[in-house]
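The next part holds the structures, each set out as structure tokens.
One chain, chain A, appears in both complexes that follow, with chain B as partner in the first and chain C in the second.
Now for the complex of A and B:
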């Protein structure tokens, strides 16, 4: 049961709690073996060119699901242009990456492996041929997927995506509050929640995941929309956003709306990771998207509310990775 | 000889023409594309709807139109208004569904696009409307979820033009509009900017000519104008004063009252108080932000369906009904005590006839009582029985008949109105009654009420089943006046003197 709060303005008339499960596509069912295989692949650095970078390197599940850096460091110390989005609750996004260039978690999982500044493999075939040399993986792929070619790029992506669909955090203070536990949020946090809605933040960051509404092709918004001194200060318009994917001028500076679940744990902020603190991020959003300036009390209320969207995180034990006794799949030089 | 040749050629040409017509008909039957007068192809004929897809050759799909929930994020006020409006239930309305089902069965499906073109433009465009005989009393229709939301945000805001001049009457109506779904949303602001969608100014959206494309309906075969709200407006002082549909139906009722009293478009009213932000996060305050509740006179269905916020829309509708008309009495005494009461009903504040649209099933009627000071009832007329308007009532409606002149209220059978009695904008009509004043009476009281029902109780019973819906009766206006018998005598002698002169 979602709590209904009366609001003078704003979209969120219904404050929904995060569901206990994330949406699952028909062609990739959530089986225990798939999830376990995906978990191993997620933590395995052997599918990066140097054997140093795994998914978890930039999407650290022992923390906020990101790497606490402005932009991530990949193989050979190379840095990409964008901030690593959290993998927690990524399953609730209708499209993946800042610019929405992947339509699903399955599609997304293939990207970083061959990004030269991330995991740096020459091709997905190179990556999958390393998997094929690890008997413990081959057995699992066979059992799970069967068929003539069980160890495939697509199946690896399916396994990783299945694991990622378990990385969700229902039961936060906000969730408990809207399910009826009125002690779960402080007065300031409740005030922040009303403000968050009344100002219009919920127009894009919608409950329950506080991301954009689920649209098959993705929900994209211009950022920054209004001019403000922050644009120059934080170089907010240096990145062309989705235009770089579609080539359409109308997609300039358009981004997928990121989830605000666990946002308190994912500093620094925005596509370029240019803003160091959550309070400043709230001010930047107010100026850039709403064309307003918040006073100190207002932004503090909103930050207090955003903190209610943190966790809880499921226990995750690091998996044993299938070995290749007597040799390594990483080339010696 | 020459003559004979001429005849034979003529015959051959006729034969050729017949063959051509027959083959054309065969083509039309197989491709389901019909060509209306003027040679323009209308893929959804008899709806004059067209859809322009951005990608060449693309077929309209439900996902090409956005769900109102998406729009609600930045436009909560407009969303809230729309969600309580008849536009949001134009497809689901069970009264409409039942009428549509009856028409569907009676016309072998010809009314699917004819009615659907306006009631679910997306359903017709995407071909997702399906008849299901198991629904309701007479059958009903389903469509893609977005299409079931009726005249939703993205129906109106993707409209890029009209096909009005190409309809079979050359007038707007029968869904004579073009939808161009996509990122461009069209409306009345010239410099608007959105972080989500593209924007385009549309002059059409500022005019009655926009609304006209659905609020004007003619019979697809005999072309009889069954509903003519736009035509009524066009011939009215409102049109002459530049007042558009939007000036009354997209503003609060108090503003609509001022528009009708001052006879000025809403924007020209002093201190109209309609300013505000068109969307969340907008920087510029706009002179007018339009309401999207499209309030008219329907106080029934939204509430019956349990639509959230329906009571607010209903309150607005009631206030509109209660301010639309005015009553006055005129008593013409006659010798011998046979007096005439004329109840004058003026359409004071509606920019179309009272009633409008389905003028043959809506009910506006007078209930009149005359009692003398001794407590005798001298006259009663129009007292509803079991919510039915009695046959003795003076009603202000049109009487519809079929091609043979037989009364019918089935829209698909209507070929004519043989009696017109709706009240034009700023115009009036009389209800006339005769009564005798007993010699002992020193005075009498006249009471009149103007009643409104969105449709006759019999229509609701027929469409939904008896006992399913009690059609509410709204008292639009009431007037009571006391008269003394002495006044009547004076009036009588004045009349007599005037007559003698």
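Now for the complex of A and C:
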């Protein structure tokens, strides 16, 4: 049961704990076999041009679901323009990517495979033709999806999305606190929580996932909204944001509001990963979105609160990737 | 109990199954905490210059303990000169690397961290200074190793080696067969086994690990020994082999004999990864080392036998990599 806290100037009407399950679309049920196939595909580097990059390379499930880097590196050492968003709790976002250009996890999963600075395949057809050469995958696709063309790009994306919907972290210190365990958060963390709400952070980062609200078309906010010295220092306006997707000037510098779940594990911060620490990121947000400057104690309290949104992480067994005995699907030359 | 098989022209005096445990040096005992630490380090990409390459990147435990590539790719998209040897059963090799330049797994573990085409750190000191910034590692090193300087390069290498000594695959079809289960191998596989021995393959690839014999200085063989069209076709003599380590002309084109355990999962083949399929690799070995040509049926039988040396693989839980909340050890710029 979620606690109702009285907050004079706040926005969070209800401090909800993260649900035990994430939203699931009707056309992609969470079956055990689908999840297991998706897990194998998620960890398999053979669907990158060089055989070196998997989903997990930039969305590392052994840590914060990202890559500890400012911007990600894909095949051939190429760096992309943006910071890898965490895959943990991505299922609670109504749209995917920083600019919200994918409406679902299924749609998102196809992007990096053919991005030339990520997995670098020439086409999704090339990628799925590698899958078709691996008997252990073909068997699973047949059994799970059936039909005339079970080994398809859409079905691969469905499997990966099903696996990603299991990558959620209910039961954090915050969750336990709002469910009634008043020992789960320290005094400082509780102070930070109240401050986070009183300042208006919850206006965009709403419980339980501390994302924007779930809207079919996505919920987008201009960042940075206010001018500050941070804009130049961290090059915060070099990226056009959602305008590059829609072509509309009113979408300039607009971004989907990212979840703050596990934010302490996803440094460095923001769309370009330009800000090294969480404490500095909190200061940048206060200046850029609220037009205020926090004193040291205030930002420390908020950082302490944000740390209550970390984990716990489900145990995951390393998958066995189905083999092609006696040969490799990666070309020798 | 190992089966004694009568072999008229063979070398394998005894068809030994792989032991349940690998050899362990006196100064690095296999404790649970040491193995667990080594596993975290093995999977942690933060000890490469870019934060993108871990031991597991090229020695993937989800598959054949290698990377499905001809030669490996490290940081900045740089390719090394040699094929990644499998880490599965590496503990049964008396020396490490293709040229045997490391006398132990401990010594081997340090090499790739500072190889500029692999993990690309400037020095081992740089790498260990990153480890020292991660509290969850510091605690483990202290508890496991104690002393004045617990977080050291040598101790990190010990932990990784301890983990690697658990990466063994007893219980394959071959192992079950020689331990008495006569249904574990097909007729063709049994035929291939006899042929493998009768041809003399066991002279170098000896049971139980199908490596060279365990010699303190290593066991090295010239490859290719005989001339054949394969030498030019696959550039088999472009690499100087062990001569590059010792400077001695008599070590030219000499290599440590690699294990054939799981060889069906480690295509492409040889020190330069130039040969795409296991069947072709068997033909190349027959020509290069025995000076003979196998007919199609003979090589197919041997390939069938080699497939009995695959797996089974231990279940491994994905490690949690200790965090640095609110910051990353990878520099932003």
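The rule is short, and it goes like this: the second predicted complex is superposed on the first by the 333 of 333 C-alpha atoms of A that agree within 3 Å, B and C clash if a C-alpha of one lies under 4 Å from a C-alpha of the other, contacts with A are read in each partner's own complex, and residues count from 1 in each chain.
Here, a contact is a pair of C-beta atoms (placed from the backbone, for glycine too) under 8 Å apart; a residue touches a chain by one contact, two chains touch by 3 or more.
Treat the numbers as computed from the prediction; the structure is a model and nothing was measured.
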First, second, both or neither for A:69, with chain B first and chain C second: second
Partner chain in contact with A:325 - chain B first, chain C second, else both or neither: second
Which superposed partner A:265 touches (first chain B, second chain C, both, neither): second
Which of chain B and chain C A:277 touches, first, second, both or neither: second
Which of chain B and chain C A:203 touches, first, second, both or neither: first
Partner chain(s) touched by A:80 [first = chain B, second = chain C, both, neither]: neither
Chain B versus chain C as contact partner of A:219, first or second or both or neither: first
Contacts of A:45 with chain B and chain C, given as first, second, both or neither: second
Partner, of chain C and chain B, that touches more residues belonging to chain A: C
Overlap of the chain B and chain C footprints on chain A, listed as residue numbers: none
Residues of chain C defined as touching chain A within the complex: 43-46, 50-52, 57, 60-64, 67-70, 73, 75-78, 264-265, 267-268, 273-279, 303, 307, 310, 313, 315-321, 323-330, 332-333
Residue ranges of chain B in contact with chain A within the complex: 63, 67, 69-70, 72-74, 76-77, 79, 183, 193, 195-196, 198, 280-283
Chain A residues touching chain B - in the complex, by the definition given at the top: 9-11, 199-200, 202-204, 206, 213, 215-217, 219-223, 225-226, 250, 289-291
